[in-house]
């Protein structure tokens, strides 16, 4: 697997999550920007998507919905956030991991639709956090992915969500994120 | 967050779950009652829904489907069933927790649709049980939520379901329930 | 619950999963075979489906989607793969367990649609693996279910997927698999 370099200069943005609401209410001019402009302002280059080696695919379209397979925090072919959150990985890293999963999901969606401009709505994020037994901050971890969706799509990026702490994840990844999208 | 008082006089009903089938086969007259009458007969007042502080929303509509975010057993702004089922929480409490999650989901659905009468079908419940390593009664816990849906909606409340035991949940909640609904 | 005997002569097929892609690219003549012929070539007899005793159902249809409840590795009414993968159960058994869950899902889909020929696409598999704390092979376990779908449906069996390691499953089952299907 080969991924192009992703420059993830995670600003203080995740720490500001109490202020998330203002991202969408920033509204008017926001929605006029092209999504690729927003991505570039966020310092995000979408990775090249590769076909899974196993017996499944990255995305399936059914009606207007696109189901994106569970994404791991992989960069250039390697899982870069490994271990249990609250023990091996701290909260801020786990948020970065969730954000990276979401970036990989965006790459898969773009590969499916041709352009992220064809996204009508991010419908749901399913966030699985590889959790130490006493780590209860799954919602904050998931905000790493949720906030990215809102930064990229504005109100159309606000989604339903479930976030749970699991016992393990493939390749000992810290986070896995699956996404359901509605296309235009 | 502020929630109105929920009077949850959980009758022996959960213990009777072997007899669930008869709830729906009670049929004929059942379907003629307004849903708010049934709720009031069950002693349930739906809580006031508040917007999540984080970067997601309670519900997203896509086509005829409504995706309800994972609900915790929150009452008046507090998680009231905390800890691992099978260790800190016993089965009957966990069933009550699942039922409370389902009540919170109903409140979110009502807020989205304006009225629960617009529900055509509860499509799926996803039940995540914060489980001690040796607790294997996730199905019985989930029945607390499933039975409520059937009591409120009759046959339209019978749903597909998955129930699993997770390592942790946000805020150390005992149960989390996400719901997919079809509207009329 | 009573299930008819399933002859599961699991060939070396699961071990060959690196070669999965060739299953679908074997293409042309593949798609002309009736699904029941393929099942019989695979040595699979679908079990008889029984209504869940609890307050939910095996399948719910909504629009063109069918949501199949989480299936356990049950054969003739008994969970036959029990315990945590990586501790009580080894990888190859867990793959067989995932395959058995998928077979039970097929039986439920057939019961819903009347015939598996009415499946347009397997949309998504959700694979929950009862995992020892250090077991990170959830993707390989899930391949047991994924590969079956591809063997039975060809390209229409290729799906989106999420696979996670959970802390426990109902009845201490080793694997649980939920499925979303699109009908024709």
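We just call them A, B and C in the order they show up, numbering each chain from 1.
Definition applied: a contact is a pair of C-beta atoms (placed from the backbone, for glycine too) under 8 Å apart; a residue touches a chain by one contact, two chains touch by 3 or more.
Only a predicted model underlies this, so the values are computations on that prediction, with no experimental measurement involved.
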Problem set entry | Rotation in the CA alignment of chain B with chain C, degrees, nearest 5 | 120
For this session: List the interface residue numbers of chain A and of chain C, divide the shared ones by all numbers used, and answer same when the ratio is over half, different when under half.
Result: different
Exercise. From the C-alpha centre of chain A to that of chain C, how far is it in Å?
Worked result: 27
Exercise. Which residues of chain C are in contact with two or more other chains?
Worked result: 63, 166-167
For this session: Show which residues of chain C lie in contact with chain A when the two form their complex.
Result: 17-18, 20-21, 23, 63-65, 121, 123-125, 129, 131-139, 142-143, 146-147, 149-150, 158-167, 180, 182
Seminar exercise, completed: Listed in rising order, the residues of chain C that touch chain B in the complex are 51, 53-60, 62-63, 67-70, 126, 128, 166-172, 176, 178
